[in-house]
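Following this line, the structures themselves.
Next come two complexes built around chain A: one with chain B, the other with chain C.
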Partner chain A sequence: MKKLLIVSLILAPHIPVYAADTPIVGNVQTRCLITTDTNGVYGNPLPSKLSTTASDGGVVPVIRYDVTLADAYLAKITTPTAFSTSPTLTDSVTWTGSTAVSKTSDAGMSGYEAAKVTYGSTTQFDLTKAGSTWFSSSSTAVYGVSKSFVGGSYTAIVLAECIAK
Partner chain B sequence: MRALLLLALLPFCNAVAHEMTPTYPTFSKSFMAGISVTTLNIFNKRKDVSYYEIGVFTDEWEPIPFVSEYTIIPMKYLDTVSFDVYVSNLSLSSVEFICSVSQVQAGATVSSKICSRVK
Partner chain C sequence: MIRLVVALLAIYATSAHSEYLYGLTGNMAGTGHTWGMNIGPSGSQSLKINGVFYQYTPVKNTEDDMVVHVRNKRFGTNEYIFSSKDDWSGLQGGIPITRGFIIDNLPIELWGDGSIDIEGTGSVTDANVVYSYKYNNDCLTPMSDPSCSGYTDAVLSMMGKAKVDGYDPLGDENIANVMDEKVELEEDLEQDEDEGDDRLEKILSSVDDSVLSANVITQNLLMFAMSHSGNMNPYYDKKLVGGEYKETVVLNGGELPDNKKGARAGLAQQILHTKMVSMQYDPKE
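== the complex of A and B ==
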């Protein structure tokens, strides 16, 4: 018994240890993540109008931008100017839309809304702070001159861009 | 009938996201003389998107010829794809942006576009 104990003590440092650390590796780098946070829905308050505003029975879509480095990206959001799918329409559709900052993760982002640049249907924001910014993008489509939209399914596309500076 | 015109603009059930890194890629010499290469990664957290189109542009958004394994990259949900972009050294100085744009399928209504900048 004693011999066995001595042999065990001598060999102990040489016995391999099978328990191993399991590393979890990660890489933090500058990035921009575009996320659709809230579904948008067109309400139909008038036969000739589709609108995402709440008072018209719609839901304004919310798109979130996450950036990990300050002053590295521009956010550009373009509201629809055409339907991607719709029934056949014989008259023109008048589009209006706007995009605004709805929420921020950092108080320093409070100036984004005042500093935004709008051209055509595109609104550009300079993401000067790291963190998350939520943008609400409303859209309205009016058919002809008080003409009723044809019954069916309508889809329109919002373009959300994140451009490195 | 008209009252039934309540239509989804952005019909997503869950938060969906698109990401491309690095923000500032750098080109290096490739295995071919006169051709430079850089590597980028796309992460697809959009269930409604299975393809992303790659583009290379000047600072005036003029397209620049390039070669990659795919111009339109097929991606499954939650996939991360690493891809190489090869550009001729003759046009390398003009390269400003490398962009990925989600290819919208029926039902998907947000197109996301992320552009990295070559400095």
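== the complex of A and C ==
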């Protein structure tokens, strides 16, 4: 009896405790994907002007939105209002820009252009159809009042966002 | 281990056999809104279409109804093997549309002419239709695989294309002569009974020649048929009847006694043989 008691005391700390933390894992698939289809390039048709227009020697950047869920997202694209990198500038820069639908994967998306909303340098599109839509954003920067840009490399950013409705 | 090696070899052989090459066509709609499907490298076999991509710009007024069909007919029918419809009715034109489709490897033989058809008011510009395809070169030589089209013809061609002409007795000059002379003979028979024996022999001789000739031709045809029995089909169609083939010969046990009678005969022959051999050494008298 004495031996049995001792054995029981030894085993006592090893009796498992019946409790557990159970994780819940969830994954959300991306239903709106933004891809840079074409990088933009500034042409320099005048000493005071940088432009992405093809006739000015530039390349218009193209952004593609892939949406797998219809009528759930807004495409919000903002053209540049400042250089992200540039030589030191001592005068103001005047920015203009616009964004338009350049290609679609569904005939029904052709209405995006007419229904777009523009405020400031931002253009907003209602993505009512599932599929791919290509947007092109033009950008022009004019330095001072016919003042020549300082020599160097200039970079500006187009901001593309996909916002759930 | 051996099984693993065999399995790997089998997998390698299978993958090697089904190694595909891939390609893209140019713009099939470049010169118009209809096109044929002569695509892929010349001579390539087993070409399969696995994708269709198209782009065009609709030209229309927003209020107009317009439906654009990009499609391919199923070869030899009025049905379509591929058809995509874009309904531009009430929508503005001017914005290019780009679409891509994955096709389930449909053989090129099924694909008829392609077209861009428009219903309603409007048109399309800058049309671009591209097909992606895959193919293998396994059948560039049709004899490389019995499944290749033209395999049988290629085998027969290799074995020698022999022109087989049957024997036509009516076309035999000898027979014709015999028939002509027989008619004449019947007419003259009554008048020339005495001279008929010689002519009859001559006619029979000609008939013998024809029969001999026919036999030769028949023999040649028989030899031809035997030599061409190497048709490959039997090699592939031959099947062994399944089942169990049981032993039917039964040996009864027991003693097999010596054949004393045979032994005596053999011994007598041996004695005689020895005697004959020894005779050559006997001193001549």
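Basically, the second predicted complex is superposed on the first by the 135 of 165 C-alpha atoms of A that agree within 3 Å, B and C clash if a C-alpha of one lies under 4 Å from a C-alpha of the other, contacts with A are read in each partner's own complex, and residues count from 1 in each chain.
We adopt the following convention: contacts are C-beta pairs under 8 Å (C-beta built on N, C-alpha and C of every residue); 3 or more make two chains touch, one makes a residue touch a chain.
Predicted model only: the values in this text are computed from it and were never measured.
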| item | value |
| --- | --- |
| Chain A as common anchor, with chain B and chain C clashing or fitting | fit |
| Which superposed partner A:54 touches (first chain B, second chain C, both, neither) | neither |
| Which of chain B and chain C A:82 touches, first, second, both or neither | neither |
| Chain touching more of chain A, residue-wise (chain B, chain C) | B |
| Contacts of A:113 with chain B and chain C, given as first, second, both or neither | second |
| First (chain B), second (chain C), both or neither touched by A:157 | first |
| Partner chain in contact with A:101 - chain B first, chain C second, else both or neither | second |
| Lowest C-alpha to C-alpha distance for chain C against chain B (Å) | 17 |
| Parts of chain B lying in touch with chain A, wherever the complex brings them together | 1-13, 15-24, 45, 97, 104, 106-107, 109-117 |
| Chain C contact footprint on chain A (complex, rising order) | 101-111, 113-114, 132, 134 |
| Chain A - residues contacting chain B, complex | 29-44, 47, 50, 52, 57-58, 61, 63-64, 69, 72-73, 80, 84-85, 139, 148-149, 151-165 |
| Footprint of chain A on chain C - complex, ascending | 55, 58, 68, 86-88, 91-100 |
